[in-house]
Amino acid sequence: MAASSFGKNITVTTWGESHGPAIGVVLDGIPAGLSLSEDYIQKYLDRRKPGQSKFTTARTESDQVKILSGVFEGITTGTPISLMVENKDQHSKDYGNIARSFRPGHADFGFISKFGLRDYRGGGRSSGRETIGRVAAGAVCAKLLEELGVSVFAYTKSIGDIHVVDFDKDQRDKNSLYMPDGNAAKKAAEYLEACMLNQDSAGGVIECQISGLAPGIGDPVFDKLDACLAKALVSIGSVKGVEIGDGFAASKSTGSLNNDGFRADENGNIYKTSNHAGGIMGGISDGDMIVVRAAIKPTPSISKTQQSVNEDGENIDMEIHGRHDPVIVPRAVVVVESMCAITILDALMSHMTDRVDYIKEFYKK
Amino acid sequence: MAASSFGKNITVTTWGESHGPAIGVVLDGIPAGLSLSEDYIQKYLDRRKPGQSKFTTARTESDQVKILSGVFEGITTGTPISLMVENKDQHSKDYGNIARSFRPGHADFGFISKFGLRDYRGGGRSSGRETIGRVAAGAVCAKLLEELGVSVFAYTKSIGDIHVVDFDKDQRDKNSLYMPDGNAAKKAAEYLEACMLNQDSAGGVIECQISGLAPGIGDPVFDKLDACLAKALVSIGSVKGVEIGDGFAASKSTGSLNNDGFRADENGNIYKTSNHAGGIMGGISDGDMIVVRAAIKPTPSISKTQQSVNEDGENIDMEIHGRHDPVIVPRAVVVVESMCAITILDALMSHMTDRVDYIKEFYKK
Amino acid sequence: MAASSFGKNITVTTWGESHGPAIGVVLDGIPAGLSLSEDYIQKYLDRRKPGQSKFTTARTESDQVKILSGVFEGITTGTPISLMVENKDQHSKDYGNIARSFRPGHADFGFISKFGLRDYRGGGRSSGRETIGRVAAGAVCAKLLEELGVSVFAYTKSIGDIHVVDFDKDQRDKNSLYMPDGNAAKKAAEYLEACMLNQDSAGGVIECQISGLAPGIGDPVFDKLDACLAKALVSIGSVKGVEIGDGFAASKSTGSLNNDGFRADENGNIYKTSNHAGGIMGGISDGDMIVVRAAIKPTPSISKTQQSVNEDGENIDMEIHGRHDPVIVPRAVVVVESMCAITILDALMSHMTDRVDYIKEFYKK
Amino acid sequence: MAASSFGKNITVTTWGESHGPAIGVVLDGIPAGLSLSEDYIQKYLDRRKPGQSKFTTARTESDQVKILSGVFEGITTGTPISLMVENKDQHSKDYGNIARSFRPGHADFGFISKFGLRDYRGGGRSSGRETIGRVAAGAVCAKLLEELGVSVFAYTKSIGDIHVVDFDKDQRDKNSLYMPDGNAAKKAAEYLEACMLNQDSAGGVIECQISGLAPGIGDPVFDKLDACLAKALVSIGSVKGVEIGDGFAASKSTGSLNNDGFRADENGNIYKTSNHAGGIMGGISDGDMIVVRAAIKPTPSISKTQQSVNEDGENIDMEIHGRHDPVIVPRAVVVVESMCAITILDALMSHMTDRVDYIKEFYKK
């Protein structure tokens, strides 16, 4: 069944396999009148491309995006925006044992179980390259959000057991791990080098902070804003957990500690005295910063010997060599940011039809 | 915008407010030919109803379900199943300060921000009573899954800091906390009594285990099985986090430890040597037990004094008296089970159209 | 698969069988702040109820609607509106040959083919009573449209070969055939009496005119406004054709005759010099009156002997006695109006997110 | 709002403007295991390409399709199939008055009203070239249907007032008008030449016949098979009417004439004694040939002088010169066929989950 689309007012449909001719996305529902260039989108894609450091695969994917539709004279027209990146660096290598074996921690076995066959080259549809489409779409949504005063900022919160301690937003883009804490980044780099020496890999946690979002965005039942964000994040490969606000820690807290009190300032503006909720209550934004986190598992491709089975049902030993990130967290930061941007913009647009007054005011003009 | 439906092949639409005349659900897409009675559904509803112990509100809601459509002579007909529960125990009390104030930790402020007005009686649409519809729908889906050999089993894994240690499935229904560990249940009860004495409340973690699901169910991109489960769980009020398999712990592990190896037994059946993945790889079931967890925050309604603001923007002190659960985790167990059952059945049905061979075999008959 | 919902911003989900305990609809996405009473909805339902004349079945269905949710103190809250009508006049008659035979022109054979079983009482889910949910939902949408200055007016354009000649809007509600032409109504009544004498039935055409709709509503590709209206109308039982504007006549016209020219009046307002297009061009409203028509087949239930087959595959002769309308066109007028109202309001709401400027203006407030 | 997708199990999303770099479609939900080549799709595209006769524009669009994803080693993989055609023959001409005027009968005015701006080159998104994506997707669906024994056959039934009289299926592809009646084709050609001499254009009717479809496909309420077909057809530009079976003629018939009787043959197979219903009863296929028709308006682009208005609100006279089909009916035949194929396959797949027995049989394997 069709399952490659995300969103309601805005619908993002990604397509493409790692080693096919191209990979891309169709972004439908972006309103007319947004200035948009390939350069703008490219900046987002560059944040996820490999080869940024020794901790990302050395593949020299240029990943140049092309706008194929939906933009005329530099302005969106309201019609579907088709974005494409050609797959240039496709090694026509012998996939050997990978072609007919199930790599531990990968989607190979699932694909065969589901479809009966698979494009085994580079993970096929389950390759990290699928996220190119998400990031390209996310860049467009983030641009519109930015013009509305909503900012979406994701960062590496931890790698293995190394956590950001002194959060300094400006530091994020100053190290290749996208950690907003120079010290933590240094320690994390050391940890990763040890992992690599050990033919092993690492995971981590990405946090995303969304600021400037008005209260009243989201829905009270199935399409709670946090439920949509949770789906958005877990739909990213390797994500094994999600938290909103205090997350799992809230389960150990008490009501009196976990509840965020309300106060009004001298101008009558209502604010919360704390933000354990992470900016969402009852599925609806409360005007505070939205805080969500995604737990990323260690990269499954490792060169250490692992137990596996091939498609003939024979037990084999498997070592996965080649170009693999010892940790995907840094490159996934922009993917998290993108999925959040898409989700938030979609929800924001839904809010426009929430009240009869809104509709009357709009329509009477 | 419409946002009260969940699912694709099966669509669950809940409706109703806590203190309106009734609350219910329309369940569309359930195939024809399933034996179904009000009694069967009622058993699920009874697991979430209040008054089961001193840790749940004393309201004597009978919550009797009526089947209004979609079942003829005890068998589903393939048409929408409308299920309704009348709201009997509606106190026509004076809502006083609650009617025009924002309870901390509740959806009140979000509702006003979103809709400009709200049904303040008992939480209105954001009442826990909304889950009646989910549970009624979940019971139907669980029944069909059961007939397919798929079981969905949720339980209280922790309350506050008290965790299940010696897991014994049979113990779950022997204590009112739905903890499959008598000892832990006893300790948790003590903890809850302390909370109550302190005019406070507690949270906890619910785990759901899905057994008997074939590999190949789910999707590789946006509608990953775990992404859908994550949305399903976070769409339940008070859920602040979700984990699949090892969850956040995976972020601190390494690839060699976290990867599940494959082996084939003497009959050629492939199995995993561990289940860190929680039964889902690349968004698709792998045949192993699916394991998901939801973190539930402490009940926000507490009688301790809290800071709040009323609709006139005045700072107030607020104490919430009345009938409130000091912990909602036990009653939410069946809600988690229900949302998982709906999600799993929906995904299972999607799989039926995944291969040309499946379609040919079906159609040629 | 779930297939009982209609609409995107507004989602209408009907449920219920002719002879079950009740029939109803859940209407999700109606914005908060609309005054709504059971009386208002009842007026619409009364237009479709039987017993209005000798040409409609004599069943005394009172069809009293109840609002079960989504309205608080007479105002919509933005949450799902659940509307229900109890099925009071259910004869527990012996369905005899109908229970296990396929009535010509009815859905019986389709139901058995699709579901393998069916609720044979009174047509079950395919009963005309299913439209109660549509009309109740349509009434709500029509009310909001009315407040926006958009009117939706349907009428009987022809019965058999008797057409409205002198269109007089005010005449519509002055005859039980809902024909806005007293003369035509008289002739049509004579024609129907002849049909009845002959144990036969008649069909006709319903036209719907939508006035006051701004230009720019609709979509240019799959969700063209006329495509959505076409689906809305053909989804009504017995509709076998749909036309927009000149419809089939346009296929015989030429470009120079069929094109509507544009002119601007002295105030710069643009208008069309004719309306062959029926108010929709390229799928988008053009500000002119929208004109659509639905062709309704003759009532299939007739007392004349017909050839049929029973579920044992035996050839039988069949006479359908009982309470049946010799023509359903008059009662379907309000159903057409309702489906158009739902479709138009849904499209109008979609337009609110069409431009970056709209979003900025909305959000900056 | 996103509105460029069609279908549920199968989702077709088209993108692209007439004069952008390319035009294409993403086809999601096609099951794994279908042999598919660019050549197969190309044959369908060639049927809609211009330059096939003097009655189609002389533009030499080669319209070569490329498969960008979803096919591996000639077999579909179950993942989205991205198909693209580059726009080669884009004249960088001066659009002059067309750029800022509203062509009668076109979508120009609607686009400006909706989006506030438009890509005026060659109709932009409302160009007939948008149907390239539909036809490419339709070819894929038609292939799978063909393998199931379901054939979808559309043809020109009339042009202006010239109708097919002696239907001979084999004749359809022997004339450039795709009329399965050599004589009628000849007369229609004469009629078109007269239109052209007169600087005018013509319309017509396309019929589509679907054979080999089992009974039981479709849905009884909103997603009636005919309702979905109606939307599919009216979503094609220039379609102003749709009929199923006897269509509008049924509105003048009587029940005894219009009802199709049932009989069983000696093998117990049930058939209808006539097919006024056009193969669909109560929204569900009845095993008979499905017959639908679409009325196509005359090509709006004519060189005769017409009244129009420009974007400054000034009244102007307009003559549209250049390459335009005097009738689009012949090229739209394959578009109708494609939209029907998509709709039918989608509905067929929905049927797979209609019964508990089907699911059990599928899952137990």
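General remarks:
Which chain is which? They are A, B, C and D, in the order written, and residues in each are numbered from 1.
Quick note on the criterion: a contact is a pair of C-beta atoms (placed from the backbone, for glycine too) under 8 Å apart; a residue touches a chain by one contact, two chains touch by 3 or more.
Keep in mind it's a predicted model, so treat the numbers as computed, not measured.
Between the interfaces B-D and A-D, more contacting C-beta pairs are found at A-D. Matching A-B against the pairs in A-C, C-D or B-C identifies C-D as its interface repeat (over half of contact pairs the same by residue number). For the pair chain B and chain D, the distance between mean C-alpha positions equals 44 Å. Centre-to-centre separation of chain A and chain D, using mean CA positions: 38 Å. For chain C, the set of residues that touch two or more other chains comprises 1, 3-5, 8-9, 14, 29, 32-33, 78-79, 114-116, 125, 214, 220, 349, 353-355, 357. Within the complex formed with chain A, the residues of chain C that make contact are 8-9, 29, 31-34, 76, 78-79, 144, 147-148, 214, 220, 348-349, 352-360, 362-364. Note for the complex: chain C touches chain D at residues 1, 3-6, 8-9, 12, 14, 102, 104-116, 125-126, 130, 158, 160-161, 195, 198-205, 214-224, 226-235, 237, 240-248, 250-264, 268, 270, 273, 277-278, 280-287, 295-302, 304, 306-309, 313-315, 350-351, 353-355, 357. If you check the complex, the residues on chain A that touch chain D are 1-5, 7-11, 13-17, 20-24, 26, 28-29, 32-33, 66, 68-70, 72, 75, 77-82, 84, 114-119, 124-125, 349.
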